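A, B, C, D and E are the chain letters, set down in written order, and residue numbers restart from 1 in every chain.
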Amino acid sequence: MPKLAFGGSTGQTGKWVKLGWPVIFFPVALMVAMHVYNNQLLLLDLVVYLILAQGVNIIYGFTGYLPFGYFGFFGAGAYGAALAVNYLSVDGILAVVAGGILAVVLAVILIPLLRLSGAYFGLASLAAAESVYLVVANPSLASITKGPYGVNLEAIFNPNLAYLVGVILVGISIAVVVYLRVSHFGLSLRAIKSDPVTASLAGVNVPAARSIAWLLAAALAGLAGGVFAWITSVFYPETVFSINVSVFAIVFALFGGVGSVLGPILGGTALYILYEFIGISSPQYFQLIYGGLIVFLTLFLPGGLASLVEIFRRRVPRSRAEMDVSQGLGIHAPLAVGGRSADSSDE
Amino acid sequence: MDSSEVVPSLVVDKLEAGYGGMQVLWGVDVSVLPGEVVVLLGANGAGKTTLLKTIMGLLPNTGGSVSFDGNRLDAMRPDQRVRMGISFMSELGVFPGLSIEENLRVTGHGLSRKTVTQRLSEIWTQFPDLFARRRELAGSLSGGQRKILGVARTQFRKPRLIVMDEPSAGLSPLFVSQLVDRLIAIHAEQRMTLLLAEQNVRFLRLAERIVVIEGGRSRFDGSVEEFEQNENVKDAFFGIERMES
Amino acid sequence: MIYAIISGLLFGLFFAFVGAGLNLLFGVLKLVNLAHGDLVVVGGYLAYEVSVKLGINPMLAVPLGVIPAFVLGVGLYYGTVPRLSRAEDTETTSLVLFFGVSMIIEALATILFGNNLVSLSPLTFGPAVQLFGQSLPSYWLVAGGITIPALVIFYLYLYRSQFGTATRAVMVNSDEAATSGINVRRISAIAFGVGTVFAVASGPLALFMLGGISPGTGIDLTLTAFTVIVIGSLGNPVGTVIGGLLYGLVLSFVQTYLSSWAAAVPYVLMLAVLLIKPSGILGKRVRNA
Amino acid sequence: MEKSKSRRLSLRRYSSTSSATPAKLLLGLGMLGMVAAACGSAAPAASSTSSTSGPTELTVGTLYAGSGAFASSSLPQLAGLKFWASQVNQSGGVFVKGLGKKLKVKLVTYNDQSDPTTAATLYNQLITQDHVNVLTADFGSVLTAPAITIAQENHQLLFDETGTGASFFQSPNPDLVLTALPTSAIWPTPLVEFLLAKHIKNIAVVYCANDFDQSQANTVQSLLKAGGVTPVYFQAVPTTTTDYASTIQSIKATNPGAVLELGYANNDIAFLNDLQAAGVKFPMTMTVFPTQLPALLVKDVGAKGLQYTYSYGVPPILQRKTVNFGLTFGQFAQAFNGNSTAPINFPSVAGYTTGLVIQDALAHATSLSQSAIRAGVSAISGSLKTLDGNFQVNSSGAQLGELLPLAQDLPPIGASGSNFQIVYPAAQATASAVYPAP
Amino acid sequence: MSDAPLLSAVGLTKNFGGFRALDDVSLDLYPGEAVGLVGPNGSGKTTFINVVSGVYTASAGTIKLRGLPIEGLPPHRRARLGLGRTFQVPKPLGNLTVLENVQVALQHSKSAKSGDADPLEFAGLAKFANRRANSLTTMEQKRLDLARVLALSPAVVLVDEFAAGLSPSELIDIASLLNELRGKGMALVVVEHLLGFLEAVVDRVLVLDAGREIFSGGLKEAFSDDKVVEVFLGQ
């Protein structure tokens, strides 16, 4: 029998354990990896993109907003860290925090974008990110941002610590997604994605919930940008405000499957390794593969790798819980592929 | 009505359909004989529009079949069904962004230029009020005039079957009566084969046979007299009438 | 000042040309073709090759490109859209999909042509021309001489041809169009083909108007084209021209008086229009989430 | 990643069994991937390391831009370095004083596609995975910048070939040596002297916003100010600029006596082309790259577009008389022509010069350690004279070298399409300037 | 019945451009009371529900819930304060399970108590708890709408054409279900075509035509009213 009880019940704790192990596991694996393989920059890139992929997962997977301009937060994070180091002389960890804060400030300014839908939002977010880039890179603001001449953070250079912080952030980003999978708030977000009107009539504060998801995603990107700035030390605006940052993060998330905890991590790791094989020496072939992959995924596997599991699971219902549900159904639940919503013309 | 010798124009058999994962029709049977006017009654949400959309091919059927003049339509695109000789008037009825003349011309898409010109002049004779305003956007017409334009469009291709979805939608009672009169006049003149979905009782004046659907299933099929006598069905759908009488 | 106005109008016409196909596709299919700018770049490379390898006038790439571009567009339509329409959130999914297509085109362009900037001499069409008391690059006249007839053809196609009327019917309501006897798929495929032809045909001009092209030019062009059609109202073909001219003038004046901010013009304009009047200058309905 | 594996893996997370098994599997998979990636990236690298007692070859690691904005300069620079390596190897290798023997030179190269982010990863690869003995940078400041901190962090000496951005050399840095050029900040000194000597007023400067061009622009501005002149137009444009039409109109409105456009090759080409397209002529037009990449500029701008314009005098236009190490320019031009398909231009000279600096430094180095190599560099600083002139570095790694004279393209046009002659200072001049341009 | 109305709508007006869909409609609703909203298509019944529930903002008029003005509040605030509604065409959270559909509302309910009846049980959907809402039939989805509303522990429930298409036995079920809600002190606004059903549920009706109130009173009286008869039969 279904129980509607909430809060602190055993079911919730069990879910945390069941979904939460990657929060610890992946950071540990990444720490081990550093001792096996010592081109730290490559590993750091992986760490940064895993955080970003989870960020995309939060905003796209849970609310349906596709943030092409996600790199704006990443760049804001990197520059937030740089400004904090150059003007406040903070240490690396505080610089990363400053990066996160600047990204959140930017996200607050951009909250009105959430009024737009679909393609409008995607392209407007891209325009917003490009605008931020052009402000940062503008020679007339060189006295503040160093404009197009790039910034130098040699003063706090400490790749080992930066990597550690990055790895912890991977853990945090996974934890955020696990939280969204388990919590009331996550349920509200999924309700909004399914039907915002119904959700609001069920008591969900739609604008607030969307904004919080947006700020969470921005904060993660900002923190990732801060870590990137810390370990890269010398960078230019176009290094951090690059649409490639969004591309990688979105493709990683899509490939693994948005809305899930593991999807973006596994998708990101798999594709990043592929990138190391092909991408560095001939990025154009890699771009070709990415492009092809995107086309294939959107047309044939919109749920990413994670949906393969779903499909498999539907064919072979094994666990006891599954049996309970499927008993007496008559019809199997249809796949998520269809779904034009019921036409309103009958009203 | 003895239909054993007449080949039905339209046969809808155990039709199932819906939107994405949601099934709306759970087995609907409707048939229309040549020259017959069938009014499809059903409340909001009963599945009338879904049924008509499925007949026209705008929605795929997941079960059952649709046949027209003995041909199965299930695999055909909407425009192919139109070319078979079915005309459809949706609730919208017109293209608001196109002029009245363009609305009619576009209905003749695929016909030869000569035929289009000829039909157009026929329509102008039949609907002189439209001719006067032919350059205006359909969006500038009043609700009642739009319906007239919609009716004119159904006439354009000289179809063998006309399917109409709630022509009364958005019309005030006065215009509804005018529209019914106009349809009756056209029918008297040229014996349309018509399947018309409605919930407005005024259209019963036009009906030769009534089909009732509810909850995505057909529930009643019979003449107007049989409908009048079936208290159960009438009760469920026209409580208001009963109260009044 | 006069120079800035002439420059603005000509660039405006050029961007209207670039945006026309994108807007047509949005009108008919309700999707934003993110690969649109890349198709423009393909046209540019075609002109470059025609000029360098064959040694003929690069503008001959326009007639040469028409048929292949049409076929490419129709192929792209049938390869993607029918399957795409089954997706849950068609609009966002199509955005991702065509982003993938954009990457494929960009990658292929890089493989074939390298990622260097490719340009042709601005003197290809002769020395500067004296007009209105200004000394103007000769390619500006070529640009005017191509964009104006092209936009007129675009208008005639939509408003004077049978296909055009059918296309506009599909724009208004595709179900209504289907039940009027129009093969919506075929009309959509043709619209995709025509949109692609306009994209590719504007490419040779891009080679001159932008001072050169590289594979990465595509995404910037898409954004600029989107800005132009957002200003003029999405799905409204006439609005594209107004949006283009307005954009061109703003760009030209910012370039003249505030040059370091010129690159931000498309983005800031797009944001301003989307947040203040999302329906565009000619739009009536507001389109919010 | 194998699909079957991932399917089983992810499936586990939906069942309620313990997470130990997937964890192990994933760890294994992850490690596998990392190691595979390491092998994959390291595959083209050389296998030798500097830690073994008796090295048999000297590995020199460098990056090049096979495509993108800097390819036109980076590829000839690499060709110059390769030319040096083949010359040295023909003579049995490079002599290392501390080892008392010659080592064959092996180049390890990666393509960064003109992208600084990719370059950062690849510099790291050269240092941490390939353990190269000598590290040299790619062309220009933008692609050199990422190498500087990475080299410093790893205490790897970086031979900076052409990254002359002034910001690199602001503090003492034992791990940096600029080889082929003086820092860009001192480039325009003779140029400004010329402007002041000719009493040219209304000077307009448009420069690209990057370290290389901005440092020149700033020098121009401050030297002019010292001479009592304020530019009438002084604007930065993005380095990606390819359309100068409206900029030219704005400059024209100031009625300038001289226009300096400081950019990279693509910018110079676009600027000179747009001048012609708009039918505008200034009394003096100066750009940076016509003398560095003469063939490219002649091809894209045309002989007519270059006529009477000014540029910096660098090799091959500028030929140093006193060479005490390596080939003279004449010898280089002859040998290089037979050896490589790359054009003879300034970057190829720079690549070759870098090789010479490395070679001479090693001849004075007591071992192959990075500090010993740096000591070798100090030993030769001030005494080495190559076809690129004096080599002299200070404590921050900056090359003081020699000032770059001013050159102008004067008739008659030769077969090459341009004929740049040194016009200032008088001591080096081979012709006299034509001002204003006819 | 207490003296203070649970819901008090005064002078509600809604314009769409130049079209007035709702024109100066008022309604007071007391605990345990049920009012039927009747009128031909397009008379403004659903607009009334949309304005009260906050899907549309009123062009004029005030709405009070338990004396608290709510006309300026967004829909979710109204829902949390205890205003629930169902839809003519059901609007489930299609990608969520039936259970989750109800949980969404439950977590935002200000007054839900542990002793409350399980809304799924109440709506007869308990056996479908783990199914995706999309896979339910239209009728089941209507029940789900109701279950989601009940999870809010609402004071007022707006029921938009719930009975259309139900079989007679289902009608009886739903009618007794709604009456049970009244028994708990909830107040109902019921939009319905089926008079038989209305008879079983409501105390009085409000008849709308062209956005205007033309009658208010008992159901039987309504159909001896000339204006009402004219509107419905056009004679």
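By definition in this document, a contact is a pair of C-beta atoms (placed from the backbone, for glycine too) under 8 Å apart; a residue touches a chain by one contact, two chains touch by 3 or more.
Just so you know, these numbers come straight off a predicted model, no measurement behind them.
When the partners of chain C are compared with those of chain E, the chains appearing in both lists are A, B. With respect to chain E, maximal separation of chain centres occurs for D (centres as means of Cα atoms). Simply put, of A-C and C-D, more C-beta pairs touch at A-C.
Averaged C-alpha coordinates put the centre of chain B at 76 Å from the centre of chain D.
Chain A and chain D have CA centres that are 38 Å apart.
Between chain B and chain C the centroid-to-centroid distance comes to 42 Å (mean Cα coordinates, whole Å).
The multi-chain contact residues of chain E, meaning those touching 2 or more other chains, are 88-89, 94, 132, 134-135. In chain C, the residues that touch at least two other chains are 110, 115, 260, 263.
Residue numbers of chain A whose C-beta contacts span two or more other chains: 139-140, 333-334, 336, 338-339, 341-342, 346-347. On chain A, the positions that touch chain E within their shared complex are 1-2, 4-6, 184, 187-188, 190-191, 193-195, 197-207, 324-325, 328-329, 331, 333-334, 336, 339, 341-342, 344, 346-347.
By the touch criterion given at the top, residues 14, 18-19, 21, 25, 29, 32-33, 36-43, 45, 137, 139-140, 142, 147-150, 152, 154, 157, 159, 232-236, 238-239, 242, 261-263, 266, 269-270, 273, 276-277, 280-281, 283, 305-306, 308-309, 312-313, 318-319, 321 of chain A touch chain D in their complex. Within the complex, the chain C residues that touch chain D are 3-4, 7, 110, 114-117, 119, 121-123, 127-128, 135-139, 209-212, 252, 255-256, 259-260, 263.
In the complex of the two chains, the chain E residues touching chain B come out as 40-42, 88-89, 94, 132, 134-139, 141, 161, 164-168, 193-198, 210, 219-220, 223, 229, 231-234. Partner chain A is touched in their complex by these residues of chain D: 1, 3, 6-7, 9-11, 13-16, 19, 23, 26-27, 30-31, 33-38, 40-41, 44, 110-111, 113, 115-118, 120-122, 124-125, 128-129, 142, 145-146, 148-150, 152-153, 167, 209-211, 214, 236, 238-239.
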